[in-house]
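One structure is given here, and the rest of the page talks about it.
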Amino acid sequence: METVKLTIDNKEIEVPRGTTILKAAKELGIEIPTLCYMDLHDLNIENKPGGCRICVAEVQGRRNLAPTCSTKCEPGMVVKTHTARVLNARRTVMEFILSDHPKDCLICPKSGTCELQDMAHRLGIREIPGQEFAEMSTYRQDTSPSIIRELNKCIMCRRCEMMCNDVQTVGALSAFNRGFTAAVGPAFEQNLEYSSCTYCGQCVAVCPTGALTEVNHVPQVLKALNDPTKTVVVQTAPAVRAALGEEFGMEPGTLVTGKMTAALRALGFDYVFDTDFAADLTIMEEGTELLDRLSRHLKGDKSARIPILTSCCPGWVNFFEYYYPDMKDVPSTAKSPQQMFGAVAKSYFAEKIGINRKDMVVVSIMPCLAKKYECQRDEFSVDGNPDVDYSISTRELAAFIRQANIDIRNLHDEDFDSPLGESTGAGVIFGATGGVIEAACRTAYEIFTGKKLDRLDFTELRGMEGVRSATLDFNGTPIKIGIAHGLGNARKLLDDVKHGRSEFTAIEVMACPGGCIGGGGQPLHHGDSEIIKARAAAIYTEDRKKPLRKSHENPFIIKLYEEYLGKPGSEKSHHLLHTHYFDRKDKILVKK
Amino acid sequence: MSSIKIELRKEDVDFIKETCSKFNNDSQELINVLHGCQEHFGYLPAEVQEVISEYLNVPVAKIYGVVTFYSFFTMIPKGKHPISICMGTACYVRGAEKVLEEFKKELGIKVGESTKDNKFSLSSLRCVGACGLAPVVLVGDKTYGRVAPDDVKGILKEYE
Amino acid sequence: MSKYSMHLLVCGGTGCHAAESDAIVCNLRDELEAKVLTDKVQVIKTGCFGFCEKGPIVKVMPDNTFYVQVKPEDTQTIIDEHIIKGRKVTRLLFKDPSTKEAVSDSKHMDFYKKQMRIALRNCGFINPENIDEYIARDGYQALGKVLTEMTPDQVIREIKESGQRGRGGGGFSTGLKWELAKKSVSDEKYVVCNADEGDPGAFMDRSVLEGDPHSVLEAMAICGYCIGSSTGLIYIRAEYPLAIQRLKIAINQARENGLLGNNIFGTNFSFDISLKYGAGAFVCGEETALIHSMEGLRGEPTIKPPFPAESGYLGKPTNVNNVETFASIPAIILKGAKWYSSIGTEKSKGTKVFALAGKINNVGLIEVPMGTTLREVIFEIGGGIKNGKKFKGVQTGGPSGGCLTEKHLDTPIDFDNLIAAGSMMGSGAMIVLDEDDCMVSMAKFFLDFTVEESCGKCAPCRIGNKRLHELLGQICEGKGKIQDLDRLKNMSVVIKDTSLCGLGQSSPNPVLSMMENFRDEYLAHVTDKKCPAGQCKSLMKYIINAENCVGCTACARVCPVNAITGERKEVHLINQEICIKCGACYEKCKFDAIYIS
Amino acid sequence: MSKITSLADLNKRREEMKTGLDIRTKALDPERIVQVKVSMATCGIASGAKTIMEFFLEHLDRRNVSAVVTQTGCMGYCYAEPTIEVKLPGQYPVVFGYVDLKRADQIIEKYIKTGELVDGIIPVNYQIIDLKE
């Protein structure tokens, strides 16, 4: 590899050609501050508009200061990162940014995790000259079912725009206006609700300030917990246990399943269940649907559409409902685990414990913001009573635990309640990209071939590449699996399906890069993709430790079918566990 | 946000469709398409942008981003006689600001607004390149050169 | 034909010597009447000769005698000696500064014609809508020569040797730029003409496109041949309908004549050109922003490198030059690099078109060799300051250029000298300011422009310029403090140092150069709360001079805020707390009783 | 119009143009033809150059002056728009500025018909390069 030698702050270094000054400096242990820059290396996502100008440094022979995030090292370059000129420039630019930013840090939802606040602290800003006559940007606040936009706090880092357009290809957000009045938002500065937004929350996940935050549903949950007439049931998604610890200073990738369960019980939830149970249930329904379609397809039935697409991800469902409404019969009709759980909890379980569904409140803890929207969908309620009442994110749960004075680090591990808390390893891996399809294959293989799998780890389905594919041998029948995470990658596969070019039998799609572990409701990764990788590793560790790792072997699932549902795909299953899709664009246009 | 809501007629939609197809429905031609539509409709209401989004396959947020970036594009219909005062440097140093003030006073509106009867709208623009005639005022297609504040009443009278 | 055998042309420019010129015309006419010559000799007042330094001027036709610094009392001599006796008045003849000899025939004094038209060679000369007139003026000869006699490398060498630097503002070597684009390997490349002249006060590109569109088309084809491109795009402001119309006609005519299209001049070189419209964004003059705009996006610049020569329009190698740069190319090809490089200064070759505007008599478009001084441009070609006012400064390089003063008048204009003086060439707008212009208000005006035109992508330009503008506003309102001057400077320096593109990197130039050159005026605003030019309303006071006031009540009646009190026939008084400084009373008073302090 | 497919074609066209073939097709007596050019750039048009051009077209014809009236681009004298250039046979062209209808009438009656100059002459103070010199 061709390399270049240069000097940064009097230290020599040799780096591969094409390396930026920022990265070269990092190798030398020189941490140049950045604000708009974000590099999720493993996910192939990079944001460097060169907009904030915080990362500037002096390059000998150059007229002006160089943005180190986007200036490549050249042979013989002499770089200084902390001269008086650089420090003054950085401070002045920071003062500019702060002069157009509200100072209500104390009551900002991002306080403590705000990158702008950290930068102000790091640079030791103590005053903002001219603030008394400085005009500030003013925009109205917008609250959608999942996301709150407070554009006054936008610093034009463009991360959300990049996520929404380049990564997710959702196109709900764009920079608008120019100059001082420029900001990022939906068309016509409308509410996000009337846009193509899928509520995937990736904009929130990357926003460095309080401009984009989630809607907080903790107060409603607290109210339900304090209502003696309500039985409050909680379910926790697989990805939550792999990330919650980060909020309490634990290493990324620390599994806190038992501590989380204990904390939830301490918070006062009557039943602490696991969404993983519903994930196993999903496999039964979705797997059955896959095998049904596949066998009909193999028999030449033209009405059996192949590939089948997974449908557990609500961001993904919102996406194809908006952009591919003509293909709404392609994805599986199986509800997401969250909604399956809600439906089963408020029917089977409510009956079992002898209470009316109206007296039960189902709360879900999700790594996701789209789940907030999903549980509010009309079709997921009975007579106006939703199957899942409130969905709160991993971050909201962490805040709730802190407010309740619970020291999660020192709690003893506890187990989930039975029966909806029992799950297999297949349910756990739903949290990482490729996990759903791997779980499905474990079950589908055994049912399709009637043989036992001797190798449960389909490592060929794992990884962080945006689009992956593998062909599995189902006893002579090749099963072609496609996996996409990130909606932009999903779009590629979907376009192939649309134009009849797809060769896949089944495709798994997760809206968020990395799958649910990289969800919009997770602790903020602040641009460190190592964190996402560590969470994935944790998920697979949990899977390995489980005694049962195939959904169809979950005894409580078997029992549920025996006692209540009959068999997968039965009429009752269809009624409770399956759904249908809409043309969402039409719906939005009518509503608007 | 645009406060004006309009219902597009079928021929309007057809016009947008034709304009887009004239440019091969190529998203790279967005600005040319917007020019064509603004020339036809006089402005670019949200509904028009939504239809363009459909045919050019560009998210409507992006179109809005482009429309609000360029000062030539407007989402507000102009008055019957749009008045533009050149605020280029040459006109400015020759007193364009005073002329603008006079128009504001006479019409009782601010820059970017239209009179109640929608007869006049007022805007300022940057250099029409007729610096020899500074200060310059445009009313519709007609150019007035070397305008003094005292001339304003007379100019408006022409359109009564 | 004419009944007159002789004409006396008297310089009657509105410039420097307007009053004397009138007297000269009067005297000449009287003399002629007295000598009964009015039937034979006609006196005509003309526009400015562009030679004001030596004015007033009287030119005798048909023998082209050029009398300089003529005084009203010289008229008798001219009539008696020249007209009647046919002897030239030697003492009034122009003396060649180098030979010190009197020049009797103005044909031999071409050097007074400081203007030299290369880019504008056909403007105002040919019918722009008729390709044949362009061809008659050797149009498309350069393209023919290039395609049939030269290799791309030879052409690029010629352009490089000519020393031409881009006229769009940056001043980058045209030849080098072409060479970089040629070296990039790609299946498709683009030649782009930047005709998004957004600089207020600059209209040379518009004039070239309206007056000589073919010269640009020809040069773009030459460039296409050199860099290996078959597609040209002209990015033109939508605000230039006439230029667009003439370009369309020109492109069609060139196609009809086979000068654009396939196999031009029977060679295997093919080239065609289409138009892309801008939509009112100054920042799109920056080439990366321009390219994004052509791609249907917001015209936001991106960091260079990569330069357009490597990755430009649609990610392909793209060469962007501006209109004036292209318009000079055919001349360089036909007359040679040596000729072109003989004009101008050491590092800035050729001529430059300037748009003269502001407080100057001869507002217009001029083209002068690089190295011409500001004095020659403003006081000779430009005819000096309007209404006999005092010259204060000249803003060169548009809103992000700098303001040069008296002390720079004898600086030869070229790229490097202007930068050294704290300004820049920019596109070539020159806005002349006189004693009535306040340098704080002017800086604020320019910042107003930048704030409006900033794309908003980078923080220093988006927010910094706004803050700069606000602080200047405070100073104009008399709320400035002495420390604010340091803050202005620091903010300006940081904005220049950290902004992403040329817009922000130069937007504080007016503030810096005006603070440097007119420090006293800035100090007057912040320490004495006074605006020496009398422009800043908040710092003005309308006061009634008791001696002149007759108590007519006219001022009190016209005051929109009832700030003036006083009984009829008694001295009136303006309440300064209420006064909004509209100036209505000042204009109304017939007794000069109101003055501005 | 025939296509130009070689340098020789271009040269031929140029020579035809230079000897003024186009003028001859319009007037019988090329030696007596008057040429009027009206500066029709944005500045000029904004100052009324269109009206002036129409005036010349109509009145030269009506007053039996054989002339060719064409439009041209910016002459650079923005301060004196509208500007026109008149070339009488065998004479140097003369530029007139501030041409309103009254002056246009004077120019026809006095300068074009009798050679008598009228006010508003703008001395040409630039040299134009000759590409083939």
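Going in written order, the chains are labelled A, B, C and D, and every chain counts its residues from 1.
Everything that follows uses one rule, which is that a contact is a pair of C-beta atoms (placed from the backbone, for glycine too) under 8 Å apart; a residue touches a chain by one contact, two chains touch by 3 or more.
Here the structure is a predicted model, which means the values were calculated and not measured.
Colleague: Mind having a look at which chain is the central one, using mean CA positions?
Modeller: Central by C-alpha mean position: chain B.
Colleague: Using CA atom averages as chain centres, what separation in Å is found between chain A and chain D?
Modeller: 73
Colleague: Centroid from C-alpha atoms only, then distance chain B to chain C, rounded to Å. What do you get?
Modeller: Result: the chain centres lie 27 Å from each other.
Colleague: Rounded to a whole Å, what is the gap between the Cα centroids of chain A and chain C?
Modeller: Going by mean C-alpha positions, chain A sits 56 Å from chain C.
Colleague: How many angstrom lie between the centres of chain A and chain B, each centre taken as the mean Cα position?
Modeller: 43
Colleague: Residues of chain B that contact two or more other chains, please.
Modeller: 58, 62, 65, 69, 128-132
Colleague: Enumerate the residues of chain A that touch no fewer than two other chains.
Modeller: Answer for chain A, listing residues that touch two or more other chains: 175, 177-178.
Colleague: Could you tell me which residues belong to chain D and also touch two or more other chains?
Modeller: Those would be 42-43, 45, 77-80.
Colleague: Let me know each pair of chains that touch one another.
Modeller: Chains touch in the following pairs: A-B, A-C, B-C, B-D, C-D.
Colleague: Considering only the defined contacts, which chain B positions touch chain D in the complex?
Modeller: 128-133, 136, 143, 145
Colleague: How about chain C: which of its residues touch chain B in the complex?
Modeller: Touching chain B: residues 197-203, 206-207, 238-240, 276-282, 293-299, 314, 355, 357-359, 363-364, 395, 398-399, 429, 431, 433, 437, 442, 445-446, 449, 452, 455 of chain C.
Colleague: Given the complex with chain A, which residues does chain C contribute to the contact?
Modeller: It is residues 281, 298, 300, 302-303, 305, 451-460, 462-464, 466-467, 470-471, 473-474, 479, 487, 490-491, 494, 496-500, 505 of chain C that touch chain A.
Colleague: Which chain A residues qualify as touching chain C in the complex?
Modeller: It is residues 49-53, 56, 64-65, 67, 70-72, 85, 88-89, 92-93, 96-97, 99-100, 129-130, 133-135, 155-156, 175, 177-182 of chain A that touch chain C.
Colleague: Quick check on the complex: what are the chain B residues that touch chain C?
Modeller: Touch residues, chain B against chain C: 27-32, 34-35, 58, 62, 65-66, 69-73, 87-90, 92-94, 125-132, 134.
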